[in-house]
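Shared chain: subunit A. Partners: subunit B in the first complex, subunit C in the second.
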Partner chain A sequence: MADKNKYREKFPEKDPDGSNIIDPESHKFIKVWQGPQHPGITGNMSLELILQGDEVMHCKTHVGYLHRGFEKLMERRRFIQCFPLVCRIAVPEPDFNEYCLAATLEELAGIKVPEAAKWMRTLILEMSRLTSFLMWLGGQSGAFGLGVAGQWTNYVRDLMLDRFEEISGGRIYRMHIPPGGVRGLTPDGFRARMEETLQAVEAAMKDVDRTLFDNAVFKRRTVGLGYIPPEMVDAYGVTGPNARAAGVPKDVRRDHPYLKYPELDFDVITGNDSDVYTRTDLRRKEILLSVDLIRQIMAKMPGSGEYMAKLPNVLHWKIPRGETYIRAECTRGEYGFYTVTDGSGYPRRINVRGPSYTHAVALMEKLAVDCNIADVAGLMSSLHTYPPEIER
Partner chain B sequence: MMKALIERLEQKFRISEVVRQRNDELFMTAAKEEAVSLVTYLKEYEGFTHLVLLTAVDWLEAGRFQLTYLLNNNAVKADAGIRVYLDRERPEMESIHHLWKQAATYQRELKEMFGIGFPGSPRVDEPFILEGWRDIPPYRRDFDTKKYSEKTYFPRPGRKTYDPEEYMKKQLYPEE
Partner chain C sequence: MRLKDVLSPFLAWKHLFSPPVPVRKPLEREAAPRYRGFHQNDMEECIGCGTCEEICQNAAIDMVPVEGIGTRDGDSGLRPRIDYGRCCWCALCVDICTTGSLTMSNEYQWIDTDPDVFRFVPGAEAKPWDERKKGYRKPEHYELYNTERIPMEEVPPEARSKSFIEIVKGYSKAQALREADRCVECGICIATCPAHMGIPEYIKAVREDDMEQALRVLYETNPLPEVCGRICTHKCETVCSMQYKGDPISIRWLKRYIADQVPAERYEEILGADAVEQSNKKVAVIGAGPGGLSAAYYLARLGYRVNVFEERAEPGGMMRYGIPEYRLPYDQLDKDIGYIRSLGVKMTFNTRVGKDITLEQLHKDYDAVFAATGLHQGRSTRVDGADHPMVFQAIDILRDVTEGKKIEVAEKIVVIGGGNVAMDIARTLARLQNQKYGKVQLILTSLESEDIMPADLEEIVESREENVVIEPSWGPGSIKIEDGKIKGLNVIRCLSVFDEDGRFNPKFDQNETNFFEADQVIEAIGQGMDIEYMTKKFEDRLEMTPRNRVKVDIFGQSSLPWLFLGGDITGGTDAITAIADGHRAAKGIDKFLNK
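Right, the complex of A and B next:
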């Protein structure tokens, strides 16, 4: 490591702000595009990498391959018509979008959600977090050539999707959190089947622990890679596990409690230095925390009761003029909807704040520099970027 | 806490339309020329160190854009939203990329989607999502998505369309 930096002192020369000066005419650099083909779990976005040898000297993020204009589409739809649209903004965990939209409309229209629905929403969000992390772990290990851990976690993720199917009928897009409440409570015998699934997750995580975290290759390649110092957290808008791994205890579930999180017993997990290994390890702990939270929710939530508030005729639903910001902690960090209404039956503007917006552009462009090109895919996975929420 | 903050801000800046949306959320309108100083003050002296988002709202009827800077203070767990109104004819605003690195990305997107200029912001004129876009900025409210798609894409024969409102009315409220 020290030798490499010594060699770097002379070439390439640096700008006063510390970035490498790239002169294409010198013929000492080559340009390589990573993406936009789906490179694993990170979605369709591309990195324009300028290399010297096999080391990255400069990185630029390009997005736009998944732009569907959700924010614009929502301006032309009635409030209830936005509901089946928002889940498509983030495929691995659509429920956070549904919750944010529902909570926004409820706050602006003054609708009170029944208690049982709040418990059910908390359960759905935690299950969603668990499935998303399990899928992510496959991408992270796959990026470093360890495909088998991902096979196991995706198997248990599938078991969790079965539980989703029992609740809502949907496996990928659950659409279970409409404005006003939820579409239903848990079916008979759900608790026992959920407990079985949670035990399967725990068993799989024990195997993953041995194959991934005790693996010399994985450790050698990830310790020290993509380090985020704590002072970069606010300067680059880093949230979620990426920030917590740097020792900054930022967690919306604790900082801005919503739904039933204040009634659950949990500690914010933090790490010491946010490199790829610490971030992966932190997310492993988050998976186990989610398992614990689901158990707590199952023990506390009522099995029956009112679960949907009375809504006005949704085809003529007008919401008074106002604006608000609702956030939730998704797997990647702070997810939020900033909504402005103008008193009509349509939203004036809904802005979706996805955590990848900052992680995949400003942060990624900074961290990729001085990385080996073979580590770029793993670094991208470790930030848990997700392009559709950048482009909306 | 929020009340004391509003009083301090009112002494130093010209703020209006202050709305306490929730106990931990505050929105206010700032004068255009004071907005960046207000954002800087909140960041440096009041602990609002996290830029949650920067976005725009198009008030077409009033002929103005609204920029919203949303800042978060993690020590006291509160949000402050700052609205700034820009003339829709010549929309331009001072950049805040020197305060937060990610602000440059937001400003690049606003330039592309709303046509709001941020002179001096890094790479602000590079396309962010749309490549080779020649129409008016698409997130402006006078951009008609339906007209655009009819003009750009040919209609597919054999497709039935229903009026969504009529269809949903029949499904949800058949007796009305």
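Right, the complex of A and C next:
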């Protein structure tokens, strides 16, 4: 890492704990709000930055621009009515919400999901990961001024949305994982079209490789930026690629296997030095892993069979008193629903554990300090956060 | 820095001459076959049950009246109006739709400058996608409720064929809870039930295992739940919205379950109404059948002093003297009636109005009179030989069985008729034949073909299980008599029973005949009424209908303001109609006496 302090004035002085002492009266500082409309901020949140020159001295995050109160709304919805609601908690990968809700209700109500439905769910979740990574890659490269890679990945993402549309009838909100199973298996000819799309993804990734990863500008700006030391991982609740890039092999798919992941062959991808470049590169590998996993799932999943368990009448479905925590590995890390039921027809409390909360708030406030203002957007993107899931 | 890192990004230029990627023009692109687009609704199939409105978590659906669609049995007359400003396209409304009428097309584009047009009733307002074949349909084998009825356990035919033991065993608690769970609470049944019972409400109470509340709901509209829980014609079930994808809810058996769960001793504690001011006014009720008992119950609840005059020695009317014990055990009937009597309703038995006491006298002694005397006179086919002593009226034999009299039971019997009374007598005699001869030789023949036989399907099925032979589509020709003894019944083929206008006008094929051997013939083709006690004295002042029935208003009030009528004599066909009439008459009498 370059020693940035070499070029800096004596200002500001540091507290004994190492944080910058900021005295507004000194007129040496300037406050800038980045967001909530700034494209470099991934969604509707904002950073209150205190700068000295173009160096960030202090960062405070602000959320609340997108508060829709899902957790509270769910307490006033019947269990089945939560199903169309939860997908909105994390728009780019809604399926993890659907899965977590469905698996929660199934566990608490004692419903056994058919095998074909489990395969279908695994397929949808992995497709969802791939789709989300493709969109994220556009944002990451765009944040450093390289718009073209994002155009390519968003095109192949669109092809993935076509595949989702075929399966579920929805492009963004798939709503294909209701409690009890799935709403249908893959349509005729799906495998061939999926394979075609996967090949398009691989082709696009080759181009991205050359333009983004073998790119002097990108390397100069990202290597060493936003470094997460391994000891921060647990202290800050870092999960997913952000943690794996630091060499910590955290992956819910491996650590707490769910659905059909135990039957799939994959290694947890890790990196060294979790800086922006490493994290981006790790996610590139994750994209290729997802492509491989989708191929494995397609080869193993049955083409027919029961896909929906028998449900009680959902209009007055009561679930026995209980509590559970259901988690899955989304693109950003551990995604979980902690749910308490009280025997009534409504959930008593559902708490959504989205990885964005820890990454975009606590971690971002720490990492932004001492960055250049021009790198803040790229740093934010590299943590891969979705503000809607911070404000459930 | 590597040279490669400087040159490599320029590879992007290789796409300089590639065509732009979004080559598919949005306006021409067709969505996937499963696409969840704008709704379609088949107006004919939709019954307006409102489950779509119920499940929609966005409150995007309102059930609204639609021009050209009226309310009728099994159809609320309402249709879903969807507000696309609220709809989230989740398709739960399609999944829950009880009839399958609501679907989604794969159309997703519609541009208009008027925001109000995005709220409309699919199917009622013509849209370009109405006929689209593609779009989201509820997947097969994917149900958001249980479509199959919890089967009712019955005593097997071999165990019941010689006795009058009750056939239907009733639901256990677990079975009742599972059956009650199936109800979607659409309430379509309420309008069809003659008594407009709070069906979804008591089913909900079953689900919540709150028998006290359930019993209270039953008694709001029906003081004979043990009876109706067994022998009701359950018109509610014929319109139940669950029947379209599976079986209708066992509404009748759930009602029975409730009444069976609560012991008679607890009725007063549960139902005991707030102290009603006792009125000095007196009401006479003629006939202790379902109509009379219902009126007596609700009048007593309103504080009136009620006296019920009954021709027979015990109360119940047709419920006791018409319906066999294997369908309605007397102790269950007594449980219902016992509670009504416990409210202070007086009953005067062995008193026939018109013979033992006149209607005039009742008019003098009481402030109002409610008459529900029923149909107790069997009709004859009047074919040759019908006056033979071994030709009986079903209704007479059923009455004699209840009263414990000795019954003529021949070795071979023919029953004429296709209604529930015919089934009752056939199955009663089959039991008696079994007891006497050890076998059943009984033919039931009806004018109607099996598909339009008025008897309940379960009666037909159970009759066959009890070895009754059913011969539909025959009209009685004559009874063959030799040496003063009946030999059998000559029948001719009946081609149709009703004419094009739906009137009774049977057509026969004289060339196709048959002969059913028998020593005894039972006629069960319907009953008539005897209301001479009423018409004779008040002939000049009692307004009649063109069909020679006493004209009454909605409360059963005749042109003599103090005289109310109900039950079978005003056109009712079953116990529940009579119960409803009795309830309405009680309200009418209350209104009349409080003018």
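The definition used in the following text is that the second predicted complex is superposed on the first by the 380 of 392 C-alpha atoms of A that agree within 3 Å, B and C clash if a C-alpha of one lies under 4 Å from a C-alpha of the other, contacts with A are read in each partner's own complex, and residues count from 1 in each chain.
Basically, a contact is a pair of C-beta atoms (placed from the backbone, for glycine too) under 8 Å apart; a residue touches a chain by one contact, two chains touch by 3 or more.
Computed from a prediction, not measured in an experiment: that's the story for all the values here.
Upon superposition of the two complexes on subunit A, a steric clash is found between subunit B and subunit C. Of the two partner chains, subunit B and subunit C are each touched by A:81. Of the two partner chains placed by the overlay, subunit B and subunit C both lie in contact with A:313. Of the two partner chains, subunit B is the only one touched by A:358; subunit C is not. By the document's definition of touching, of the two partners only subunit B reaches A:324; subunit C does not. Legend: residue contacts after superposition of the two complexes on their common chain; A:227 is shown touching neither subunit B nor subunit C. In the superposition on chain A, contact of A:64 is made with subunit B only, not with subunit C. Touch criterion met: A:340 reaches subunit B, while subunit C stays clear of it. After superposition on chain A, the subunit B segment that clashes with subunit C is 166-174; the remaining candidates among 94-102, 112-120, 130-138 or 166-174 show no clashing C-alpha atoms. Overlap of the subunit B and subunit C contact sets on subunit A: residues 78, 81, 313-315. Against subunit A, the residues of subunit C that register as touching in their complex are 1-2, 4-6, 8-9, 11-12, 15, 21-22, 31-36, 51, 54-55, 57-58, 88-92, 95-96, 104, 106, 135-136, 139, 141-146, 181-185, 204, 207. Within the complex formed with subunit A, the residues of subunit B that make contact are 19, 21-22, 24-25, 27, 49-53, 55, 57-58, 66, 68, 70, 74, 77, 79, 81, 100-102, 104-106, 127-131, 138-139, 141, 143, 145-146, 164-165, 168-169, 172-173. By the touch criterion given at the top, residues 77-78, 80-85, 146, 148, 151, 155, 158, 162, 165-170, 173, 175, 181, 183-184, 187, 207, 210-211, 214-217, 219-220, 306-308, 310-316 of subunit A touch subunit C in their complex. Of all the residues in subunit A, the ones that touch subunit B in their complex are 63-64, 67, 69, 71-73, 75-76, 78, 81, 107, 234-237, 239, 250, 255-256, 313-315, 322-325, 327, 334, 336, 338, 340, 348-349, 351, 353, 357-358, 361-363, 366, 391.
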